[in-house]
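Structures given as C-alpha cells follow.
Look at the two complexes coming up: chain A is in both, with chain B in one and chain C in the other.
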Partner chain A sequence: MSIVEHSPALLVGIPLLAAFATPLISKASGKLRDIFVFLCLAFIFALAVVLISDVIQNGTRVYVMGGKLPSLTLPSGKTFPIRIILEPDAMSALMVLLTALIGLIGFLYSLQFIRAEGAPDKFYTLFMLLIAGMLGLEMTGDLFNFFVFFEITSIAACGLVGFRISEATSSVAAFRTMTIYTLSGLILLLGVGLLYGEYDALNIAYIASKLSFSGVDKLALALFIGALLMKIGSVPAHMWVPDAYGESPAPATIALVINTQAGLYGLLRVCFTLFGVSRAAHIGWLLAIIGTISILVGVLASIYQNDLKRLIAYTAVSQTGYMLMALGAGMAAKGELGFGRTALEGGVFHIFNDVISMGLVFLCAGMIYRATGIRDLNKLGGLAGKMRWIAVLFLIGGLAVAGLPPFNGFASKLMIYESVYKLNPIFSALALLCSIILLGVYVRLFYSIFLGSKLVEPQRIPKGMILASSLLALLIIGIGLLPGMVVKSLVSPAVGALMDKAGYIGKVIAGGM
Partner chain B sequence: MLDVLKLNTGYGFWTPLVLLASGVIACLVVLIIRSFGEKRYKPKTEQTLPFLSGAGVTDPSALKVSSKNLYWGFTQGLSSVFNGLKGFHSGDVNDFVTWSIALMALILLVMLVR
Partner chain C sequence: MKILLDLPYISCALLIGFGVYAAIFKSNLIKIVIGLSLVERGVNLFLVSLGYREGARAPIFTYAPTENMVLPTPQALTLTSIVIGLATTALMLAFCIQVYRKHGTLESDRIARKLKEKSE
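Right after this comes the complex of A and B.
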C-alpha cells in the first residue's frame, strides 16, 4: 500500500475524521487540538502536492471506494460501475491543491483570531468539515456523492457564517445563505434524480458515455447549471454573498471563497465532462452574459457600500463574473483550440488567482476589524501609521483583485479580455471598464482605511495573522512575476484534462484492469 | 529562461519583467528630479501641521473626506442606477428566492428554445 495510491481517499477521510475528532481532543487540551488540526492540514497539503504531481505525470487517476483494488472500476461480471469512484484529473488536483493551501493558511491565520472569538473547537469542526466537503466534491466521479459533498459544504459554510451566534446579523446572514444553499441543493438533487432515472447509474463517466442529450438530459443540465450558479453567487442569485462573506469571521470567509470556486469547478465538470461542450454552445453564451452582468452588478454595488466586508464581498461577486464569462466563452467556442482554449485557461487561472487575492483582502479586512472593532468606512482612517505592514498587504491584495500589473490578477484577466474579445468585443470592453472602476473602488477603500487623519486608535495585531496573510501576498507577487510558468505547469494540464472527455470516461469504462 | 517568464495570452504575450524594469527606470528618474527639489522642508516641525484657510484645525475628522463622499459626483450622476441597485438588494429573503427561481426559469427557457 502506498500513500500515493490511496491519496484520493485519504484527502477526503482525514479532514472528515479530524472534524469529528477535534471537539474530543479539545476537551483534553486546546494546544493539542491546535497541533492536531495543523498536522492534519499540513498532511492534506502534502498529499495534494503528491496527487497533482502524480496526475500531471501519469494522467487521470481512479480510486474505487471499498473495492478489492483501488483501480478496479468494473469487477468481473459488471458492465457498469456501481461503487463510488473518486476520479481526480489535473483539474480536480489543481482545485484540491488550492483548497489544501487555503485550508492551511486559513488555519495559521485563525490560530490567534478564533481564540479571541471563542469556541475554537466548534470553529475547527466546521472548518475541517468544509475542507472535507470541498475536497470530496472536487474529486468525486459519482453524481450522488457530488450532491452529498455539495450538501456537506453548504451545511458547514452556513455554520461558519452564523458562527458569531451572539450577533443577530450573523444569524440572519446564515439563514439567508442557508435558504439559497438549500434551494440549490434541492435543484441539484432533482437533476441527479432525472439522470439516475434515465440511465440507472450515478457514475459521471458512465452517464457521460451514454448521454443522448434527450429532453430529460437537457432538463437535468439546466437544473445542474441553475443549482451551481446559485451556489457560486452569480447575479441575480448573488444576494447571499455580501451577507455570508460580510458576517463570517475572516478565516471562515477565505474558506467560503474557495467554496465558491469549488462550485465553479462543479459547473466546469458538469458542462465539460458530463454533458460535453459540443452540444451546449448556447449555454456558453448564456453563461458569458450572466458573467458580464455579474461583473457589472458586483462592481456598481460596491461603489455605494460603506461596510468594509460587504464592499469586498460585492467585488468578489464581480470576480465570479469574470470566471463565468471566461467559462462561457470557452463553451461557446466549444472548447476548441484558439480563443476557446485561451478563455478556459484564463478562467481557470483566474480561479487560482482570485482565491489568493480575494483571500488576502478578506484576511486584511479581518485584521482591520480585529484592531478597531469598526467596519463602517466613514469611521475609519489614518491606520497606515500604526498598521504599515497590513496597509502594504491590503494594497497588494486590492491591486491584484483590480487586475493591475504586475500582480497575478492582471495575467489571468488579460487572457480573459483577449479571448472574450473574439467572442464578443462588448463583453470584453465591459469587463475592462469594470476592472478600472474596481481599481477606483479599492483606491477609495485604501484611502478610507489607511490614509488621512487618524480617527481611531488600533489595537495590536498578532504576528501570526500578519505572517499567514504575507504568505498569500508572496504568492500574488510570485505568480504575478511568473505567470507563464504557472499556466504551463498547472493551468494548461488542468484545462487539457477538462477538455479530454474521452480520456475521463475511458479510465472508468476500461475497467481499471 | 525567458520562455518561463513569458505568458502567451493567445494573441500576444505578457512579460512582467519588462514592466518591472520600466518601473525601476521611472523610479530612478523621479529620484533624480526630487533631488533638485526644496531643501528647507523639515519633517515633524510646524511645517507639517494642517493649515486650512488660516485657521488651525483641531478636529482630525474635519481633515478627511469621508468614505461616503468620495466619488460624490459619480454617485450623484448615476443616482438612478444606484437607487435601482439598492432596491434590487432589498435584503428580503423572499426576493432572494424569487430571483434565484427567475434565474432557473431563464436557463430552462434557453434549454427549451434550443
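Right after this comes the complex of A and C.
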C-alpha cells in the first residue's frame, strides 16, 4: 500500500473527484475552493513526478483496477485480462507530467483571470474534468477505456470552448468543435468494436499479442488513425482548431493544446504498440505527408488572419504538423536506423516544447485581450510602453514557436530537420521554409501589437497571470539551454518505451509475444 | 471478413453511412445533431450484435442455466456508450439553443454570413 504503487489510479481519481467536489466547496467559500483546487493540482503534479521517476527507473507499470492486487493482471487462471488495466510506460509518464504541469500553470493563471469572467466554480469543474480525462487517456491500457476518456476530454473541452457564453461566436465555435470531436469518438468506437469482434478482448497488450493483420484489423487501424487525426486537428479536419483555440479563455486554451497532444499520444500508442512499428512504414509515410501539408496550411493561413487568437491557433496547426512529420518519418524508417530514432526523439521532444511555447503565446494573447478587450490586430498597437514585461514574454514565446536558437523550439526542430532530411529532403526543406515564414508571422504580430503608434490604453494585468507566464518562459529558456539533458533523461526513455512493444505486452501477459 | 457480411452489420453500416452524410452535408445544426445520433445508434447496434454467439445463452441471470453463457462485455460497452451519447447530444443541443438565442437561426451558412458581417 504505497503511494507509488497506487499513483496511476490516484492520478485519474483525484481530479475526477475534485471536479465534482469543486462546485460544492464553492458554495461554502470562494477562497476555500481556490485552495482546494490548488492543493489537488499540486498533489497531481507531485504524483506525476513520482510516477515518471519510478517508471524510468523500474520500467513499465501495470495497475489493475478493482483487482485483489494492483499487479495481478490475469486473475484465477484466465489466459486473457478481463479487468481494466492502466499501463503507464515512460511515454505515458512523460505526457502525464506535462499534463500535470500545464494544469498547475493554467490554475495559477486562471486564479485572477477567471474571476473577472464570472462562474469560476464551473470553469474549475470543466478544467479538472479535462485534466482527469487526459490523464486517463495517457495511462490506460484498455481500448474501451481509451474511448471513454477520449469522450470525457471532448465534452469538457467543448464546455470550455463555449465558456464565454455572452459572446456571439463562442457557442458556434463550441458546436463546430463538438461535431468533429463526437464524430471522431464514434469512429474510434467503431474501430474498438471491430477489434473486439475479432479477438474478444479490449486490452491493448492482449490484442497486440494476437493481432493477425487481417482485413478487419486493417480497417480498424484505418478507423483509429482517421479518428485520432481528426482529434489532433491535422489537415483534412483542422477547421475546428482556430474556432476552439480562438474562442476559449486563455487558461482553457493551453489545456486544449495539451489535449491535442494527448490525441497525438493515442495515435502513437495505436501505431507503435497495437500495430507495431515494423508494420507501420507506409503509415509513417502517410503521416509525414499529412504533417507536411498541415505545416504548409497552418503557416499560410496564419499570414492572412487579423484576429490575434485565431492567428496563433493557425500556427498551432502548423506545430502539430511538425510533430506528425517527425513521428511519421520515424515510423517510415521503422525507428531502428540512426535517423529514425532521432526523428522519433525530435517529434516527442517537440510535443514537450510545443505545449510550453504555444502555451506561453496563448497566455500572453489572453493577457493582451484582458488588458484591451480587443482581438483585432488592426486596432492594437503601441502596447510595449505599458506592458513591457508581457512584450518580452510574448517575444520569447513567439521566437520559441518559430524555432530560434536560444529557445527550446530550436533544439527539437533541429532534430526534426536533420532526421527528416535523410528520409526525404523535400519535407525538410518545406518545414524549414515554413519556419522562416513563421518567424515573419510572429515578428509582424509583435510589431502590430506592441510597437507603432499607441491606439488603446491597456488596463493593469494582475500579477498572478504574469507569474504563471513567466514560469513557462523560464522553462523555455531552461530547456533551450540544456536540451541534451532533457532528451537524455525524459525523451529518450519515452521513445525507448514506445519502441518496446514486446515489453509492453509482456507486462500484462507473462511470456510476451 | 465474414463479420462484415451479416445482416445486422449491413444495417449498422447503413445507419452510420446516413448519419455521417447528415453530419457532413446538412447545414441545419439540429440535423447535424440528428446525424451524429444516427452514427451513435449504428455503432451501438454494432456493439450489441457483436455480443451474439451461436448456441450460447444471453448473460441474464434468471432461471437460465449459467453454463455456456456469453461474456456480457458488449452489453456493458453499449450501456456506457449510450450514456456518453446522451451527454454529447445534450451538450450539442445546449449549444444549439445558445446559437439560436444569439443569431435567431440554426442554418449554418446564415450564421457564418452574420458573423462575417459583424467582423467587418
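One rule holds in what follows: the second predicted complex is superposed on the first by the 509 of 513 C-alpha atoms of A that agree within 3 Å, B and C clash if a C-alpha of one lies under 4 Å from a C-alpha of the other, contacts with A are read in each partner's own complex, and residues count from 1 in each chain.
We adopt the following convention: a contact is a pair of C-beta atoms (placed from the backbone, for glycine too) under 8 Å apart; a residue touches a chain by one contact, two chains touch by 3 or more.
It should be emphasised that the depicted structure is a prediction, and the values quoted were computed from it without experimental measurement.
Chemist: If we overlay the two complexes on their shared chain A, which of chain B and chain C does A:Asn378 touch? Say first, second, both or neither.
Modeler: It touches chain B, and chain C stays clear.
Chemist: In the three-chain superposition, say which chain, chain B or chain C, touches more residues of chain A.
Modeler: With both complexes superposed on chain A, more residues of chain A are touched by B.
Chemist: Contacts for A:Gly13 in the overlay, against chain B (first) and chain C (second): which applies, first, second, both or neither?
Modeler: Neither: A:Gly13 stays clear of chain B and chain C.
Chemist: Which partner does A:Gly59 reach: the first (chain B), the second (chain C), both, or neither?
Modeler: After superposing on A, A:Gly59 lies clear of both chain B and chain C.
Chemist: Using the superposition on chain A described above, determine whether A:Gly478 touches chain B (first), chain C (second), both, or neither.
Modeler: In the superposed model, A:Gly478 contacts neither chain B nor chain C.
Chemist: Looking at the overlay, what does A:Leu183 touch: chain B (first), chain C (second), both, or neither?
Modeler: both
Chemist: What is the contact status of A:Ser453 with respect to chain B (first) and chain C (second): first, second, both, or neither?
Modeler: first
Chemist: Would you sort A:Met239 into first (chain B), second (chain C), both or neither based on which partner it touches?
Modeler: Once the two structures are laid over each other on A, A:Met239 reaches chain B alone.
Chemist: Considering only the touch criterion stated at the top, classify A:Phe175 as touching first (chain B), second (chain C), both, or neither.
Modeler: Both partners.
Chemist: Would you tell me the residues on chain A in contact with chain B in one complex that are also in contact with chain C in the other?
Modeler: Residues 175, 179, 183 of chain A touch both chain B and chain C.
Chemist: Using the touch rule from the top, collect the residues of chain A that touch chain B in their complex.
Modeler: On the chain A side, the touching residues are 175-176, 179-180, 183-184, 187, 218-219, 221-223, 225-226, 229-230, 234, 236-237, 239-240, 242, 282-283, 286, 290, 297, 300-301, 303-304, 306, 338-339, 341-342, 346, 377-378, 380-382, 405-406, 410-411, 414-415, 418-419, 440, 444, 447-448, 452-455, 480-485, 487-488.
Chemist: Where on chain B does chain A make contact in their complex?
Modeler: 3-12, 14, 16-17, 19-20, 50, 60-61, 63-68, 70-71, 74-75, 81-82, 85-86, 88-89, 91, 93, 95-97, 99-100, 102-104, 106-108, 110-112, 114
Chemist: Applying the document's contact rule, which stretches of chain C touch chain A when the two form their complex?
Modeler: 1, 3-4, 16, 20, 23, 29, 32, 36, 39-40, 43, 46-47, 50, 71, 73-74, 77, 80-81, 84, 87-88, 91-92, 95-96, 98-99, 102-103, 111, 115, 118-119
Chemist: For the complex, give me every residue of chain A touching chain C.
Modeler: Touch list, chain A to chain C: 82, 144, 147-148, 151, 154-155, 158-159, 162, 165, 168-169, 171-172, 174-175, 178-179, 182-183, 185-186, 189-190, 192-194, 196-198, 200, 202, 214-216, 307.
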